[in-house]
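Heads up, the next two complexes both have chain A, just with different partners, chain B and then chain C.
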Partner chain A sequence: MPPDRPRSARLVLVAVTSLAILSAVAFMTLDAKGPWSFILTHRGIRLAALITVAYAIAVSTVLFQTLTGNRILTPAVMGFDALFLLLQTSLVAALGGAGAGAIDPRLLFSVECLAMVGLSGLLFRLLFRGEGRNLPLVVLSGLLFGALFRSLSSFLQRVMDPNDFLVLQGRAFASFNVVDPSLIGVAALLAIAATIIVLPRLAELDVLVLGRDRATGLGVDTARLSAIVFAVVAVLVSASTALVGPTTFFGLLVANLAYLLIPSAQHAKVLPVAIGLAIVTLVGGQMLLERVLGFGTALSIVIDFVGGVTFLLILFRSGRR
Partner chain B sequence: MTVPPRPLLLGTLLIATALLAAASLLIGGGYAWSDVLTLEGDGALILAASRVPRTLALLLSGAGLAVSGILMQMIARNRFVEPSTAGTVESASLGILLTLLLMPGAPVVVRMLVAALVALAGSALFLMLIARLPLGSVLMVPLVGIMLGGIFDAATSFLAYRFDLLQSLGAFGSGDFSIVLRGRYEFLWIIAGLVAVAYATATRFTILGMGEAVAVGVGLDYRRLVVFGLIIVSVVTAAVVVTVGAVPFVGLIVPNVVSLFLGDDLRRSLPVVATGGAVLVLASDVVGRIVIAPYEIPVGTIMGVVGSLGFLTLIFWRRGHAA
Partner chain C sequence: MIEIDKVCKRYGDTLVVDTVSLAIPRGGVVGIVGPNGAGKSTLLSIISRLMKSDSGRVLVDGLDVMKTPGRELARRLSVMRQENHVAARLTIRDLVAFGRFPHNRGRPNRDDQERVAAAIAFVGLDAMADRFLDQLSGGQRQRAFVAMALAQDADYALFDEPLNNLDIHHAVSMMRLFRRMGDQPGKTVVIVLHDLNIAATYADRIIVMQNGRVVGDGAPSEVINGHLLSEVFRVEGDVIEIDGRRVVSVAP
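Showing the complex of A and B:
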């Protein structure tokens, strides 16, 4: 262990932050053909969306992993993204395309967020029922629930009226390339609200890393803390999924990279680095693939590949210890 | 619990198969009964060119996938393994994509053979990975398989994206039997042969399921038998994926349910497993054709719902009983 760890943590943060700023600037300015006023607004909206998503996924993943006490489970691996998609699909199926189209998308999104907090809470209870120590069981059933939700969504999409499907298509098939601009404001607001709720509790979260029993022994109201943090996670997942669709391995990748760079359990140190890394990966990766390599929509595929390999590596390493 | 005897079980399943096959022949428009009876006119054409091939394809794929599942379970010695949780299906898709890229004009035989080869390599990689798994939960094995499949999938999507083949990729993504016509499914007959071979060698696979030590102890060539089993599984999977696309979880649900009644003696259970697979896939297809008639829901989607629910029930139920 190097003795100058505090300074190196700061160094990492500075490096990651400057990289993040660099990729944002490159994203805005590189390969610009056309009037700046158009480019800056057009790209600005996408940049805002990508940064919001990076923020939401990084924070929700790190918090979720603290809550569950491991580094392999993420909300996306547990099927939360797929649950949100299913929620969107069933809402449109129930209201009908015209009905869903007539409602303000922001109102609809708020309803979906609320339902998401409730439903994902139920799913979480079901998966961690009883002991919750059997990690492979939890991961596998999370993956299977994800598969179930995805199949149910595509089942509903087949059954629904083609006109309703068109409405859904406009809302539910967002990706890194096609962000839904109507929701950026709400999503950013939610992210800020989440920060305000979580910031004063960072110290308690640090204690929670020691384990639930010890945290309780040290005077943390773990049940209350878990409930609050869990609601925050569910809302953040809703926000990111509404903006860019499901991202199975992105959170896993970013969070584990942050743990690797910052050998500390302090959330005040890990969270900013994770957020910075998420921005670098998302904005920088998108910029590189789109403008330098010419593979516009491939970012999610690349993340899936690298994320899958990372997941296997963690799985094998964690078992060996 | 009283266990129904095997003849009763097999008999029930065979009757169900016959009824479902009849339903599959008759559901859908364009039919006049007189045409069928006289074997003339449009009705007879529809029957011979579309309905009969589709029904046969369903029977063969269902039986083949269920048998592949139980073979994989014996080879990997894990109840939760089947072609779609061992990277086999995904590597077969990768193989098909490779043929589309490198030999665009290749006949279906070549496509299937390459798919089978890549599937064989993918499944072998899976077996090597799980052999290195630190001792732990049995659930780690399907977890590794699903992740490996995901990695193959990402590789396939990237190649398809890079070379503008995403649309063709979508065609073999999710199992759909509506594309089966006379002249486009005959390959699946290879499954009938492979299932027969599996039945002839069933006892060996039963012993394989008891572990390497037992298999070697009774004088079996362990490695050769594993490779032999993997070849059967890979060819069946490749044939199904090439012809209709991926149909997940059949090989998981059926053998597990059957083993509740008949245990793990493959000589006894294999015919029941094969028939059960045919019933499950036929029933999914018939339901998919009825729900939003005259449109269809592909078998892959229905099996995705039914299969993941079944798998979840299985792991929670097994935990309650085995632990």
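Showing the complex of A and C:
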């Protein structure tokens, strides 16, 4: 075991925040050709989207890991973003392309969000009920559920009317490069709402790190707290998935990096660092790949590769204990 | 006063706690003994509202544990269960500070910090208060959790087999610590124990459980006897008396 030098949480936070601001500035200004008014609005929209996504994924992952009491599972690993894609697909399939196209995308998104809270709550109960839950089994079933949702989505996409599929494609197949601008406002609002709900509960979440029973013993209403925080997680996953699509290992990567950098288990310290790291990775990574290395589409692949390796490392390390 | 009123709990077809009714008044050290699977831990979990009973109810100072707000109850009753694994990386001081949560809701003041330091010193871990839990031995970790219960400063402190992992030196010093806790005015300590000699030495009252029922209840001199060994624990042995204390010696 490496020696534990008590790192100052504030120092880490300052460093991560400066890096985040630096990458945002670089993202906005580097390699700018053409009129500034165009560049700033064009890039500003993408920056806002990336920051919202970074925020949503970092917060939802850390909260989810606190709720489930481990550091391997994330909403994405458990197939929650695949569930959101399936929801989007089935909604378009049910309404028809014309029907779905006629509805305000923000309204549609809200409906999807609500359904997501309900369905993922159900999935969560299914996977985490009972006291003798066993982690490898939960990981496996989560991966299986993810595969199931993805297969169902692609099945629906194959049998659906080509015109409907076009509508769906415009709506649902977002990525880091192609962000759906109509939803940024709603997604950002949801992220702010999530913050307002979670902020007064951070101290209770800290206690939850001790495990459900101990938290109950210390006077935390764990059932209520889990329900609220879980709903917040579901909404945040919906927001990030609607904006940029699924990101399997991104949350895992930033959350575990944050745990590594911060010597404390306090959410008030871990969450800001996780958010900062997520912004650095997304905005900085996108900037590097696009402007410096000149690649077009590879960020999600790079992140999933690094994140996937991290996932395996954590899995092996926890298996050895 | 903890009042347990006709509490039942079954897992599947097995009745683990079978219509248990008990009253535990304020003050002193109460030991619960019994063979494995007698329902001791389950009963403790039900008293501390970590588990729901199938029927019956538990009152702590007149408050129904399932209906009272958790925070209210956490200031009256603390519980330490057997398993002592924590997913997060915490130092001893971090862990013990959680004991103050029912009082400060996560905003510690100077008084809280002093109580935390005092609790850590009480269990003899003050030299390593900033070590991480995963760097401790099993016994040290056990004592850290006891310190957390101390910091919680509840009127009723429940411990489920707190002597696991402890050598005789630490077991004895921990029992002395419980004894001191129980001797403070208005404080009650309830401990599930396996070692009958330890129970006989330190407890004011011993409750014996077997197959989910209470089969014995009283002072050590009334409860620790040959009948207990042969009928409840099914071992051969003698109960001898040294300086007025009952001592169990099992046959080789």
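Heads up, the rule we're going with is that the second predicted complex is superposed on the first by the 313 of 321 C-alpha atoms of A that agree within 3 Å, B and C clash if a C-alpha of one lies under 4 Å from a C-alpha of the other, contacts with A are read in each partner's own complex, and residues count from 1 in each chain.
Definition applied: a residue touches a chain if its C-beta (ideal position, glycine included) is under 8 Å from a C-beta of that chain, and two chains touch if they have at least 3 such contacts.
Note that the coordinates shown come from a computational prediction; the quantities given were computed from them, not determined experimentally.
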{"item": "Partner, of chain C and chain B, that touches more residues belonging to chain A", "value": "B"}
{"item": "First, second, both or neither for A:217, with chain B first and chain C second", "value": "second"}
{"item": "Partner chain in contact with A:155 - chain B first, chain C second, else both or neither", "value": "first"}
{"item": "Which superposed partner A:311 touches (first chain B, second chain C, both, neither)", "value": "first"}
{"item": "First (chain B), second (chain C), both or neither touched by A:206", "value": "second"}
{"item": "Partner chain in contact with A:71 - chain B first, chain C second, else both or neither", "value": "second"}
{"item": "Which of chain B and chain C A:144 touches, first, second, both or neither", "value": "first"}
{"item": "Overlap of chain C and chain B interfaces on chain A (superposed complexes)", "value": "none"}
{"item": "Footprint of chain A on chain C - complex, ascending", "value": "48-50, 69-75, 78-81, 85-90, 94-95, 98-99, 101-102, 105-107, 130, 132, 135, 152"}
{"item": "In the complex with chain C, residue positions of chain A that touch it", "value": "1, 4, 6, 69-71, 202-204, 206-207, 209-211, 213-214, 216-221, 259, 263-265"}
{"item": "For the chain B and chain A complex, residues of the former touching the latter", "value": "80, 129, 132-134, 136-137, 139-140, 142-144, 146-148, 150-151, 153-155, 157-158, 161-162, 174, 291-292, 295, 297-298, 301-302, 304-305, 308-309, 311-312, 315-316, 319"}
{"item": "Contact set on chain A toward chain B in their complex", "value": "134-137, 139-141, 143-145, 147-148, 150-152, 154-155, 158-159, 248, 295, 297-298, 301-302, 304-305, 308-309, 311-312, 315-316, 319-320"}
